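Chain nomenclature is as follows: A, B, C and D, assigned in order of appearance, with residue numbering initiated at 1 for each chain independently.
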């Protein structure tokens, strides 16, 4: 653990997160989170650190754990831990027991706000009994998965505070899913394989916001784009963009690169995998690592053999090979640094403003999961435009 | 009036409207509109004739007037009028009195369905008293304007039947507004001016679905695109596409071509017009001809002088000229043949299916304005995909 | 003939030809063509008039005929004929005898310079004997065809003066062929057919400079682009741009629109025509109207039937139809106003500077056909950049 | 040194180099290089190994050194060294003395052919006296630099054999420079910085083949592209593509990313650097690391401070920072794996065919530097097309 290295990473991120910088300046004056005790459970890397420091600047005291032991960067955690008003308990690769112990430690701190990614803290809180956090006024949740877990709690009558579904903001799915996923996924695929994209056939499975970004960037890199999409209206949109709409099996026969972004398990199943073109590179840009049916792949193919870092070959019948990237996990997190810094700046600006909103409107907000207010979405967008204009 | 010429135009349109063709085939078997008396008030040109003939094939008897005396094509009206089961009363340039008389004639025919564009027939029906059309079971309305008039009737308790807002279907605004408007507007601007688009600055005012199509095609023609948009989230989307987001006045200073698509009156007002670059070409792609403040333009400029067919020059102070196309009316209707045939095929397929739906579900549908059911949207999309696949 | 209308057309063109405007300003001061008698044989329309008036401003006396009786616009010819120092003999649709008589009249005027398009004047001069134009110092030829005729004269020892092949300038083929042809051809196809380009398959036959522009604009309109090209290196370039490289027959089977730009006769022959997809639209963007084998088409198909102005249907075996635009002639001249004004501004600026160069360097230039000096190419490019910068 | 790792890298490369694979198959049958002793001096990494093994398959005996001690990959060198008919002397980071000794060892092997990158072997041969390699029949040189050194030798009468300038092949500069540089440079910039490209201003300095690829991919990633180019005709081409043509200083004021590809030293000098926008990222895609004037930068700025691996910050007056990537060296080699595999497949296929050509035509080829014959260019292109077609 080299805290100096962590500080350097944080400085690079903060230098490229102008929205958080403006919020930090405003928070430093108004101290809207003064007296609040905020529990944070996020991927502990440099961009997240910028959010944590912004909340601190707003007057809060911060208690921090990682949301996933595998994504914690020890140098960043170490750098943060030394800062005034910030306590961190997280270590890369720590055991699940250690992670759970850290979550419990977090909840022992009389939290007034929770900012998290995945819902672990909120679920644990309910397990312990909501009365164990009597001062809690609200939750900001970053991910779809976490929001779904909160909604289950709400359905069971167990969610006793308001919670914001940051993921559903327009600035999140219109910008992050499309332009963040588009760039970072192709950056990762190019880096992992060193293969040319121009002149190749690319199959995008799923034409939602992520799929649109993936298709746009594939075309921008010179590929011919094929789209497989079950919603017929979206499929017509893809056709009108000049992409070729195909069934999954047709697409697999043609594609040199396949990228999934459907959010559904096993979308690329046995029949599709059996149809794959020799040499096809298979990558996933959806949140979970289950869009390729790995079990079916293992059953029909010999392998896997690691042929490059993060690239595993499977030998299919008929002298064909396919290459699965990052075992089907999110390729842009497994290879490279994830979303571009400025994209996370937008998403984290929404988080910081949502936390402030919970404090200011704590009397009015009913219990339950809420969409982020339009006003915050607009405010984030206005900050982006202001920054562009200032240039 | 040359009915032979009209038949030729109808044949060209029908040859390129595969969705209506498939519906026509299905209608010819099932005759779902058998016994119905349908009153039609639409722009009477070849593409519309294909819809009318499809309804006829479904078993309906058709009574037809124009929705606007200026858009009626006499050869098409003449060709239709001779066909079995179709009666037409419309003449290009007829007086408003004649038009109103035609609408009254329409309503004298014990209509069971109304298919229209703009709401004139529905409004007149209410004036006459809804009891004068006792057999009417529903209305299909094509335009935003017509829908708004129907909603006013509904609010006043005067709409006694169900009405479908065809305009609000996803296949309408996602496809027609974006790809139809994009192509036909630029086709019209290029034709009207004979000017080069590549290397020019293009300002798109309004980044809704029409604006997105206009920007996409401008970039595709080699222009640098500037976008002015009041919704900050949409403005960020434009920036992420690589367009430059500007204020209206900044954009006017830079733009060689300005295209409006906001739907709001006087959006390009005095200050913006005063800032216009010398030689700027001003066009409108929004439904109404009021997006440029023509009165302000007339007050500050000398002119207009017609310098090419449909192109009027205004001389501004400082030795500058601007060129207003089609007096600010929808440029793609004023110059050329409007939307591409295949685009209207989709919109009219929705109309035909909506009429069928009204008949089949007449017992269940409550009074009032309804969105087109998702099932119809999906069915239209599936027909497009089927057609693409059959190729 | 309405000279007022002609003046209006000329005014529109000149207002959008900033390069000629700057040259005109310079010519008005320096009068580099003072005392020269220039014979002009060009397509007599508004853009050409701007060139003629520029030469006049340089001090020359102008004698003008049309280069093709079918392209002469009488209102423009009439407007020009009234101007000081300009005499015109041309009428739309005049007989070949009349045209030849006009060319002879031209040569009776002791010309010192010839500016032409197609080589008719130069060839006639040789027929009459070069001694009949003793004061002639040079020729500026616009087209490939004209240059080839001059090269034949040169090979036969009959070309007694220097001649510039304006067509071979970089600013001509890199700009005019690519961006001029790209825009004007697609404008014409969209206007002639009212069909949608987005989502369609487009086959470009020939991937030279014209073909590149045609492909670029097709992709920009939302089409999927297929390219057929015999030079393998060019074909690889097309593949790297994301286009699909196909054989002609494969391409014909898939294409909704086919555009030829090879310059070679009968390129799309019997086998290819027999493979055409039902409904295919066939257009030509090459200089001559012979790229489709019309004889083969007539032999295998019934028709043609005109189905829209300039659109002829041929019925092929197997219930298929294809639509030939403008009988296979250059579609952008047959439908619409040809190249955008600013494109002709560049080409005609080269003409004007080439004429000046011939005068200034008349002592040094040997007999024979010469490429336009790089300095003129660069000067034209610099004028474009200056104009862009001044905006 | 882990030869197993090296074998894995070579296997990945060879699996994606179909042109070399086809040549290898042909060579294995015809053995066109049988009995030849080939000296190779190239960047010793996996893609190069595929070329070396192809030459071996053609019957040659191979003697191999690195062309640059810093680019040698020891695992690849080790894997190669164990193969039959291949001897390698190279070590990453070896001293210049060791490198020179290796070159001398190479020349001690009675070479008949030299395949190299940079000209070191040819120059050393002349130093030793051409009589020391009496059996040498020719040289294949990959780079511009090497070709220039050979041309100097030729001018001095010291080049006694034919040499092919592989770099000047059309398939090299049209494909490798454009699509290889475009993808690999942006892959490297995105990886090195984790910054967003969409919505940013990108300045491309130099609009040659590399610059065109860089601009194309920047636009494809959603950037607004600015181009600085001294050749006015090329600058007009850039404008027609929709890029904004600027002076260097204007561009520097606006650009978030600057990428140079001019091949000229110190192109981005003091005045330009002083104008840089705060936060600008400076990268070089030209062959040599001298396009930014590092001395001027050091003089006007404090720093450099390494802020991320390969990213150095310079603090300029006025609270501005700029970030120089890879100290101004070729960013796509310094970060990542260089050109995509398939691009090097094309360039190395040209090398292999050029070596074969030298053997077959050794009687006919005069001494001196020659362009690669068109037939080889076409053959390489045909192999690409064949491979695309076979898919």
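Assume a residue touches a chain if its C-beta (ideal position, glycine included) is under 8 Å from a C-beta of that chain, and two chains touch if they have at least 3 such contacts.
Since the structure is predicted, the reported quantities are computational estimates derived from the model, not experimental observations.
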Reaching chain D from chain B through chains that touch each other, fewest steps: 1
Which of A-D and A-C has more C-beta pairs touching across its chains: A-D
Whole-Å gap separating chain A and chain D, where each centre is the average of the chain's CA atoms: 37
Approximate Å spacing (C-alpha centroids) for the pair chain A, chain B: 41
Centre-of-Cα separation between chain C and chain A, whole angstrom: 55
Multi-chain contact sites of chain B, meaning residues that touch two or more partners: 179, 198-199, 219, 222, 239-240, 388
Of chain B, residues touching chain C in the complex: 8-9, 11-12, 15-16, 179-180, 182-183, 187, 190-191, 194-199, 201, 216-217, 219-222, 254, 256, 277, 279, 307-308, 311, 321, 336-338, 340-343, 388, 391
Interface residues, chain B side, partner chain D - complex: 198-199, 219, 222-224, 239-244
For the chain B and chain A complex, residues of the former touching the latter: 170-171, 174-175, 178-179, 231-233, 235-237, 239-240, 245, 377-378, 381-382, 384-385, 388
